[in-house]
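Note that the chains take the letters A, B, C and D in the order they are written out, and that residue 1 is the start of every chain.
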């Protein structure tokens, strides 16, 4: 039997609020998803003006980051033509996201969850996701 | 062109908080989803202890209630063997939910969104969903 | 609560007729889909000779354009190898279309719907889609 | 943050061996799946002669049992025509299994995983699944 740690709903709410504050600061209404260590959704919000298509994309970025324990933009690099993971973007029925905006939450070397953000540019999405990660690590660290 | 009203994120948060309070009161940790008038997800929370399988079920109950403008338990009655809508439960890739726990939000005769709840019995799910509906109608009414 | 504007069926019919006229003019029978601001289908026609595979593609182009509030060919540019959105083409179960032929309908800065066209080259599809957009903006503007 | 316990691979192997021994005893080659507390697959074996269709069914029975924290045959009873959960069998894209053969592993009141068995009758499947549960509880209890 293994004992693992995972984000709870209170952690997820802290992440959502910090991410929304950053989204307001940069002026881009976002879809924001939080998943636990197993990739299952814990909390989600679509800010007024967030894109409809980004609903699923945010959830799948968070699923990918927490499930694979790495940032989605790392897959972006690894899946370029000629690179080892080329073509992985369509895996898992397209849920494996290689576009920036998904980050894992790593605490003491273990992945306890993730966050996925979508509606802006990948750089903006990642910036907002990072604000969520920073907030929960400050809370738990 | 049509002008329509729909739940915004603030409305969704009011619904989530009221639904969670009812869930705590009856002692069942729930998955709770809020969708807009088009069936697209606005907000979601899985309370600590909510069922993993209920993540999708709550979202799909809300999608059904807001998209079809009726309570999911009404489909339950209409889809019994021999009834007119028999077999509809598997429509839309299984997203059409006929189990209680999904309610539309009707304001001035128009559906502006919905709520879906899952993890308890269908009666408990519906009771928690109703608390969410009551709260937002009190806010907007 | 938010009030939003969206295409109605009369608008969609105007778009379809204008797009079909352009398709006849360039000699390519097309599949043409109109979605509302939420990405849900309002109207669809497959002209005699339109491709079977283009049925889904046209619907998904329109879904992408209206849901993401941008032309699908913009995604095509942004998702080239090495570009920031590389790999997004397979998102949402492959519904996120990055091939030209999907256009949003933007009125007074808000997206009120979209059109997706498929069966010709991406340039032809976009030309036909533009005819639909021009017609509805002339009607509503 | 929540700390949870879940089956590890060694536990899953113990369950598989015990389930296979029971399957041999009753003379039915089975598909056997073990999932963790989050419903994600840990181990799977299709015995020589196990049904191809049972591959997915065993996995989904285990997913349902661990994700919903109850035996799949309980859903079978609750989802009969006229019963409260009627129609739930097609939820989650059909992954929600209401046919017997899926059991959760409950230790000290918490669900730490599940087992799903398919290829025999539901009664046979459940008997084989129970052998797996008994073995892991004897190991961990």
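The definition used in the following text is that a contact is a pair of C-beta atoms (placed from the backbone, for glycine too) under 8 Å apart; a residue touches a chain by one contact, two chains touch by 3 or more.
By chain, UniProt protein names: A, B, C, D = DNA polymerase III subunit delta.
Note that the structure is predicted; figures quoted are calculated from it, not measured.
**Student:** Give me the chains shared as neighbours by chain C and chain D.
**Tutor:** A, B
**Student:** Looking at A-C and A-B, which pair shares more C-beta contacts?
**Tutor:** Of the two interfaces, A-C and A-B, more C-beta pairs touch across A-C.
**Student:** What is the distance, in whole Å, between the centres of chain B and chain C, each centre taken as the mean of its C-alpha atoms?
**Tutor:** Spacing between the chain centres: roughly 30 Å.
**Student:** Taking each chain's centre as its mean C-alpha position, how far apart are chain A and chain C in Å?
**Tutor:** Taking the mean C-alpha position of each chain, the two centres sit 29 Å apart.
**Student:** Just give me the whole-number Å value for how far the CA centre of chain A lies from that of chain B.
**Tutor:** Centre separation, chain A to chain B: 25 Å.
**Student:** Tell me, which residues of chain C touch at least two other chains?
**Tutor:** As it turns out, chain C has residues touching two or more other chains at 2, 38-39.
**Student:** Can you identify all of the chain pairs that touch?
**Tutor:** Pairs flagged as touching, ordered by label: A-B, A-C, A-D, B-C, B-D.
**Student:** Residues of chain B touching chain C in their complex?
**Tutor:** Those in contact with chain C are residues 1-8, 11, 36-40, 107, 112, 140.
**Student:** Going by the contact rule at the top, pick out the chain C residues touching chain A in the complex.
**Tutor:** Of all residues in chain C, those touching chain A are 2, 38-39, 63-64, 66-69, 81-82, 84-94, 96.
**Student:** Show me the residue ranges of chain A that touch chain B in the complex, using the header's touch definition.
**Tutor:** 8-9, 12, 38, 40-48, 52, 55
**Student:** Give the list of chain B residues in touch with chain D in this complex.
**Tutor:** Its residues touching chain D are 48, 51-54, 56-57, 60, 75-76, 79-81, 89-90, 93-94, 97-100, 121-123.
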